[in-house]
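Same chain, two partners: chain A is paired with chain B first, then with chain C.
For the complex of A and B:
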């Protein structure tokens, strides 16, 4: 077990370095790099430019710049935004919680709806109910997030006037829970709708697998009620799926969050990413990518370890 | 030799028969055929020009001549919808083709040669699968600059792990079979073993993955274009038409402008998914319909 965890940690660290190296070098090669930006926006003399560049470490070889950046990263410093002249760590810190709130609420809702449906359709595969849920799953996976978001704004904000169009609070002065929930309703639903299909399908297939195992047949043979067989014996063994689902949903959630935050002007790191790309604010782009990578990797590490604990059949090699 | 041929044809006629019984998949195949014919043939047959603008008629509502109205610049929405559909299908198919070209050989190498190939390639797959591709695509696009080709290539490159993983799995399931070992024993070359014994086994999963991957590539392109990071105007794409509808007035007052492209996008993706589903059931020899 210890060996398995160590292996997973080493793999995550390797992945982390791969991603930081790739992103750092790509943005180094990019046209309109940091130095060009400073040059275009100043009337400094060549000596001053030289000084400024050496202050920012921009005249050093790439690998040295990368090492400096890495050292600063571990100190929690992601550099300075070129557009806002503020600490990138601070900018991401302000918005990161909002993105987590959005994504985790939608994931929870998707779980609450999709897991029972998945279990139900696994009990009677190829029945009418199973057919409907399979169709619903495919529809959910085909939904374009931005279109659904726009559609909801049109219906619930413009036509019915029930919910605010976007943002997180109606006024910056007053932060009430009710107001927050009203603002969350549409973006969370929009993101959850896109998750349903995936969760439903995976839950169904893993329950199908478990239900065909010998111990389920034994449980049934002993005269145990169908409810007990399914929800106590089989479900416990399918729990691992719910844990891995969390890991596989993470990348989709982040991608979906970028679009959803843009549609509903939600102040998260997804919408920050979009504005930073339009203004070519590379320190922010690199910062967000690395923070997202770290979060996703930590999430997956946690999933792997939990899975190892839950499922004694996992081979630790 | 003849009997083998017969067996092949009976397997595929069986597949075809099973697919035809999948009513929704057949229906969606019909819809897709209709959409493809419409977007390919209506514009050249009617001599439609997506950039032809009627001046002074910004956002004119639908009427008898312009059935879907005009856009901000006075261009015919219906024509732009057809061209947008073209763009979506083109990006989806070409990028999936790129993913296949990269992913299939890598998956074959990893599964067939094992050893260091397997370790390196499959670790790369893990890394790619774990990371949110949308973020990486955005980073790449921000650097190369958004255009229809950069988006197609990047989405194509990001899709390779799906194919590598599926091919790897099906290669592993046959390499230890007797017929592959006997081919080794009579001295067949690696190339020949892969071509004649390994690859045919991987065709079904590749086909199914191709449909699903095309659907997600179309969605990814649309999302990118919606964010303004994908296909750039004046080229029409279903995503960038919706990007034009982000202003509050258009969003709330002119649903006739942005609902058709959104619906067309949904229909395309949904139909491809259903066709993939039907194909998966039909290609599975264990499924009795």
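For the complex of A and C:
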């Protein structure tokens, strides 16, 4: 096990370097530099811009820029935003919590609702309940997030006036939990709805397979109640799918829901990404991409270790 | 000796793909006394396993159901019990071991967990007592270093060992009846003999009855007191093993026995029964064995024969004996 983990970590580090190189060079190759943007949008003279560029090291060869960036990265410094002239680390840091709050609670809600429904449909396949859950899942998977979001804003904010349209706190009131929850309600529901369907269907198919296994029959034959058979003996074996699914939703967890954050003007990583792309703020784009990639690498490592706990047959070497 | 289990007119139906209802077993009758071993013999797909699963009511509600009959355990009709009462019987009064030891144990739980859980379910005892008891059960079924095995997962054990674990699990609550659904089919011959010997030993020790489902006539001869021959969802002949082996009545039973290869005779081609088992969705009218039978009478194509007594505790469902049956 230890040997396997070490090998995985070494591989992850290699992958990390590959990612940084690719991200860095792609943004270098992208047409239109951030300097053009500044030039078009401000009244700075070309000389001033030249000065700024040399201050930021933008006129150095790209590999040197990369090495400088890498050196700074290990000091925890992701560079300076070209738009705000602030540390990228700081900018990501202050939005990281907001995004995690939003995405994590929506994931939690989605799994909490979808897993029992998926299990229920698998226990009575092709029943009316299964039919309804399949339809609901289809709707959930087919509707785009921005549509659900705007529809909800239209109903709950514009028509009924129950919930605030966007943001994280009301500007007038003091920052309270109640206020935060009110602001979270719609974006979280919107995100949860988008994921429900997939989790539900995956759970159903995985459980359906497990329920026809011989050992489930054995569990029933020992006199175990149906609930215990399903939720202890079968679920443990069906959990692998859910762990995989959770692993694949990690980038979302950290990278934020770009569209949904934008719709609800949630001050998270996703909306920062969108603003940075439109303003060609490359250091921020690179910073976010690298942070997300690193978390995904860590997440996959965790998922692989969890497999080993769930399925004793997984061998680590 | 009193009858422990009596199955009367049992019929179990399944839903076919086009939503039709087809019966997998029909009018199944047999009984078993305390301490006795009953063999249920028949070809694949004749309803042996369905019969066993019906007794324990393990047919899944979305795939099929028991539509008729009575299953009397010590005179009490199991089909009238609710699910909760049935759970107290499963694994406790009636246990079952399955054909596939490789897949019948849950791969995600230790042997110990899977052994202790039914003990704790049916006997009120502490975790420690259940553990000790489980270890002693493993010891009883002949597993070396049981403490070590308790910590292991099914994939670390061989097929024979897993079947021993299954037996230990099934016997842990000292059931009155053990249903063994082809317990040795998936094992190699030497292990087969060991497992069967073990079952016999434990039967004597625990005074339990066994229903042994198999298609191996040799196993039946070695293990059973009575034999029920099944064909296409019916018990077509029921008698003690000497009657069956020496005086088989039904043409199908005769066919089965003559298809056992003999060591004394040197033959080029083994005896077989011509034709194949009809599928449950496409049963012939009248006697279901009719199309493969060499002695068909006109009535065989029209009516299904009823079970008739042709001797002491020897019943057969065949028109050939209708006359004799009436007399005796």
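We take it that the second predicted complex is superposed on the first by the 277 of 317 C-alpha atoms of A that agree within 3 Å, B and C clash if a C-alpha of one lies under 4 Å from a C-alpha of the other, contacts with A are read in each partner's own complex, and residues count from 1 in each chain.
Methods note: contacts are C-beta pairs under 8 Å (C-beta built on N, C-alpha and C of every residue); 3 or more make two chains touch, one makes a residue touch a chain.
It should be emphasised that the depicted structure is a prediction, and the values quoted were computed from it without experimental measurement.
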**Item:** Clash or fit, chain B versus chain C on superposed chain A
**Value:** fit
**Prompt:** Which partner does A:288 contact after superposing on A: first (chain B), second (chain C), both, neither?
**Reply:** first
**Item:** Dominant contact partner of chain A by residue count, chain C or chain B
**Value:** B
**Prompt:** Touch check for A:259: first (chain B), second (chain C), both, or neither?
**Reply:** first
**Asked** Touch check for A:306: first (chain B), second (chain C), both, or neither?
**Response** neither
**Request:** Check the residue A:297 against both partner chains and state whether it touches chain B (first), chain C (second), both, or neither.
**Result:** first
**Message:** Taking CA centres after the superposition, what's the angle at chain A between the directions to chain B and chain C, given in steps of 10 degrees?
**Reply:** 80
**Prompt:** In the superposed model, how near does chain B get to chain C, counting Cα atoms only, in Å?
**Reply:** 6
**Request:** Would you pull the chain A residues touching chain C in the complex into a rising list?
**Result:** 124-127, 213-215, 217-226, 233, 236-237, 310-313
**Message:** If we count contacts the way the header does, which residues on chain A are in touch with chain B in the complex?
**Reply:** 11, 14-15, 18-19, 23, 26-27, 29-31, 134-135, 138-139, 141-147, 150-151, 153-154, 157-158, 165, 247, 250-252, 254-256, 258-259, 262, 273-274, 277-278, 280, 285, 288-289, 292-293, 296-297, 300
**Partner chain A, residues of chain B touching it in the complex** = 24, 123, 126-127, 129-136, 138-143, 145, 215, 219, 222-223, 226-229, 239, 242, 245, 248, 251-252, 255, 258-259, 262, 265-266, 269-270, 273-274, 277
**Request:** Over in the complex, which chain C residues touch chain A? Could you list them?
**Result:** 56, 58, 62, 83-84, 87-92, 95-96, 98, 100, 103-109, 117-118, 121-122, 153, 155, 166, 169-170
